[in-house]
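Paired with subunit B in one complex and with subunit C in the other, subunit A is shared by the two complexes that follow.
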Partner chain A sequence: MSKAELMESGETVAHGGVDLSGALDSLNEKLMDYYGIAVLVILWEVAPRLGWIDSQFFPALSSVFAEGVKLWADGTLLLHIAVSLQRTFLGLMGATALAIPLGFVLGGWFPRFTRFLSPLLNLFGQINAFSLFPLFVLFFGIGELAKFSIIFWSCLWPILFMTIAGVQRVEPLFIKLARSMGGGRRILLVHVLIPGALPSIFTGVRIGATVAFLMLIAAEMIGASSGLGWLVHNSSVNYIIPRLYLAALLIALLGMIFNYSLHRLEAHLIHGTTN
Partner chain B sequence: MSQAGYMNNYLLRSSGVLLFLTLWETAPRLAWLDPYFVPPLSVVVAEIGLLLGTGDLPIHLLVSSWRGVTGLFLALLIALPLGVILGRWLTGLADALDPLLRVLSQVNPFALLPLFLLFFGIGETAKVAVVTWVTLWPILFYTITATRTVDPLQIKSAAALGVTRSQMLCKVILPAAVPTIFIGIRIGASLTFFILIAAEMLGAGSGLGWLVHNSAMNYLIPRIYAGATFIILLGFLLNRFLLYLEKSLFAWQEYPASWTTAGEIRPYVWRPGKGAAIAGAATLSVILILGACEVRKLNQEAMAGAGGSSGHAKHFGTPVESGSGGF
Partner chain C sequence: MARDADVPQQIQTDAKIVVKGITSVFHLKKTRTTPAGEFIALNDINLEVRKGEFLVLVGPSGCGKSTLLDILAGLAHPTSGGVYIDGKKVTGPALDRGIVLQGYALFPWRTVRQNVEFGLEIKKVPKQERAAISDNFIHLVGLDGFADRFPHELSGGMKQRVAIARALAYDPEVLLMDEPFAAVDAQTRESLQDELLRIWEATGKTILFVTHSIEEAVFLGDRVAVLTPNPGTLREIVKIDLPRPRHNSDTRSSAEFGWIRRKIWELLQNAPSDARPHPNAVPVADAISPTAAL
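On to the complex of A and B.
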């Protein structure tokens, strides 16, 4: 951070002519977002080193990084990340593949039937997925299928609900317009319903992805032999504390990257469709 | 739509749920599904009745509620003042801290659970800490937003009338912010319930999550269904209750119609008054006091029993595998 700051201020000075305090102000504005995080990072490094916190329980950031480099070197870290990502994506893809068409059919073609089903669907959607986990294990065994099914189940509902809501909230004027211009079912679906419902669907997918990641870590902690959740669980059982912090940090980072990229994709796609 | 029409609509809409329940009862009975793996509804209900009768379920319910309520209270205690301060007075600091807070709020609570265990030991503190952590963020964010977005006209009028700082806070800012803050509390409470069950499954000797986990470990299949059904029902009711409370407390707020409620007419809206507030406070304090006693008793039993988890086995009279193993 400080390096970037130096470089950037150096640049403005080198350009000359610009008055310095104004440049510093704008720099301050730009860096505003990162001050809190920078302070946290510095504290994390400094506090255990100076003995403010017991470094046994709270290892400095650099030793967490060192652990990360070690695990990366023998390839296990990449394996765990890959396994976790694969599970998340599979579950999310499966849920999306089922929920979007189902949402279109329910919301678009059978609105009355949907109203009739909505209390049941609502009940399913509000089910605490953890209480179902033992049942999934019972049915699908302890392998990948149980983890897939729990992620599938928990992201199915937000995507389905948001798809139904999206389809039903398409501006009726557009539908009437398309109809009056002689658009058939296919044209109505491809050119009116899908673009109209897309923002809502995407919100559903984003919520689903967040839930999927959350559930995945819990599922891996409860029963798995690989993946980031397992890494956390295993480190805590064996008291390998830097590794525990490393895994927790990685999960937080991955979750954020996931969220951020979906936000970007959403902004990009929605922007592209409305213009 | 008349009252009868409303009832009719309601019956039609709940028939989906009824159909599902009927299917649950008949499918195992007619051997479409293996009744060993999917016990019929009546067996599950009987199991719930049995658990209620022996007093196991109320105890676990009480313990879980105590953890949830304590965590929620702690979160409120931290998040409300902090939110008002950040939203109202230290807005610059709030801007600077916002990204950090967002990052922290996105940290996966399950990944933090072992860290909390490390810091607070395996007692109740770790579970309450996780609940507090999870609940803290929605309440904090909603409080900051709520206090920030109070209509400036109201604030300016109050200032023009020469109110003091404390009056401004109590009479203008808080009343305007309360509906939004309540949304944060509602979200926090539903999250609490969600996380609590998981935390109890991962490492606890009592509570609803443990009940399900323990039944799974011992292959008591009707009991898994009973526990899960109870948790689902409880979560659903909690959610509905909080939504209802929100709607009736802040009846002047407009809510966008969703696809599930569109066209529905609310025939009667109950407005909670003083009596309801006292009843609510009494229930919460009963949960806090009785729960604290029960949790202490259970923990002492666990201490007395040989090596932690085996101490809890006597509640069900069945051997328990230590919680850390996988399925």
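On to the complex of A and C.
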């Protein structure tokens, strides 16, 4: 190795030292948001083990985790997650497929009829879907259809409201401009109304998805033989406390992932909207 | 619109735009305090614009100048009378007229380039051709390097430039501008005016420009049509003989500029005495521009 090379490598080391402390700073900055979670995890593990709280009702995180590994190994955990997600997706998709076109037709073409309908829609939107569950069971039985319809019902209203509002709040100048260029109905719909209403529609879908997921868990507690809601209910009946915590934790995590993916999808689809 | 049938579909003329006996009446609904009635927004307006001319419509708010522009754009229909472009009656909006609005109306979900290409998409111009055209007009309005930005990343003046580029991109023969510079600050406004004159000279479009600023009208126009409200009437057309090319720095300081401005101001002040005064009428000069009374 020549002298020049040696000097160079020496410099690199010196720079490396500076970079390391800089890297630590930026790492600290990045981790800042997660310190709260870290504290919770540590407390959850330590508090039951040191006897600060009764581990019978509040098992340590590691035993919850062990329960998760056990259920994962025999495949039941994946099944419960898949079943819950599938139900949520189906209901959400069904509601979206109906609510968005309906919202466009009502908001865009029949504004007066929509005004006439809006108190009714408001009323339906305020009805807690869970309180209707016995009715759903009465109409659709205890099977999948009842669970689909409760999710469908709770997603439908927020998406419908937000679509109507989105269509009606599209800037009139945009419509005037598109018309001045000789844009017909199709141009107006595809290039003005849909992109203009999209942010509002997405908000509706996000609200719908959140509500639907919570409703589903509740529905699964009453009438189901699988799913995360059932897992919570079954664990509590059979007094398997770690499993109960596991299911609750998974529900929270899935809800977060759900919301986050919708956020990403929204950011991907909607560019440059001013807030 | 019963009298619409009497308006011929075609007329013989050399003028680019002919406005013939336009009257526009709005029916007011009965409210608790006022009876049902009629509001005459425009009363028998007659006007001819030559090809390549820069005509400015000036008047206080409520004189019907924006209504007239909407009728010219084909977005509104007059109660009677007709508008002719190249002798053919206007029946609706079309791509032979480009429109620039006060509120920019840029689609926030489209980039500068995509906004400029909007009219070309409606015209079904192939994609590659569109890119070449939008490049050209983005360059013309001085926004090179901003093609892929979104409107919320631009200043007010830049947004208005994009709106002008969008209106020019599909090559309309007539440009209709409805108070396009009303929402930007004074400095930006003057530089946009300079720029508009440069673009007009470069493209040779026929421009109809609506404003409530006398200064702006005198600086920009070949002729200024003075409109007075209640009912919206064309008071007089003032010819502006200021030499071109005009520049903000020297044109505005000339004695002639001040004289013409004064003349238009007086025209707006002395609305004809038979005009029915509006219950909440404000002195015209106040309604126009703080600089008008200079």
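The rule is simple: the second predicted complex is superposed on the first by the 244 of 275 C-alpha atoms of A that agree within 3 Å, B and C clash if a C-alpha of one lies under 4 Å from a C-alpha of the other, contacts with A are read in each partner's own complex, and residues count from 1 in each chain.
By definition in this document, a contact is a pair of C-beta atoms (placed from the backbone, for glycine too) under 8 Å apart; a residue touches a chain by one contact, two chains touch by 3 or more.
Small disclaimer: the values here were computed from a predicted structure and weren't measured.
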| item | value |
| --- | --- |
| Superposition on subunit A - do subunit B and subunit C clash or fit | fit |
| Contacts of A:51 with subunit B and subunit C, given as first, second, both or neither | neither |
| Touching partner for A:75 - first (subunit B), second (subunit C), both, neither | neither |
| Which superposed partner A:187 touches (first subunit B, second subunit C, both, neither) | second |
| Partner chain(s) touched by A:177 [first = subunit B, second = subunit C, both, neither] | second |
| When both partners are placed on the shared chain, which of subunit B and subunit C touches more of subunit A | B |
| Touched partner set for A:270, first subunit B, second subunit C, both or neither | second |
| First (subunit B), second (subunit C), both or neither touched by A:126 | first |
| Which superposed partner A:255 touches (first subunit B, second subunit C, both, neither) | first |
| Minimum C-alpha separation between subunit B and subunit C after superposing on chain A, in Å | 5 |
| Subunit C-facing residues of subunit A, complex | 171, 173-174, 176-183, 187, 191-192, 195-196, 198, 270-274 |
| Complex contacts: residues of subunit A adjacent to subunit B | 32-37, 39-40, 57, 107, 114-123, 126-128, 130-135, 137-139, 142, 146, 161, 164-165, 168-169, 213-214, 217-218, 221-225, 228-229, 232-233, 235-237, 241, 244-245, 247-248, 251-252, 255-256, 259 |
| Subunit A-facing residues of subunit C, complex | 73-75, 92-95, 97, 99, 101, 103, 105, 107-111, 118-119, 121-122, 150-153, 170 |
| Subunit B residues touching subunit A - in the complex, by the definition given at the top | 12-17, 19-20, 37, 95-101, 103, 106-115, 117-119, 193-194, 197-198, 201-202, 208-209, 212-213, 215-216, 221, 224-225, 227-228, 231-232, 235-236, 239, 258-260, 263, 324, 326-327 |
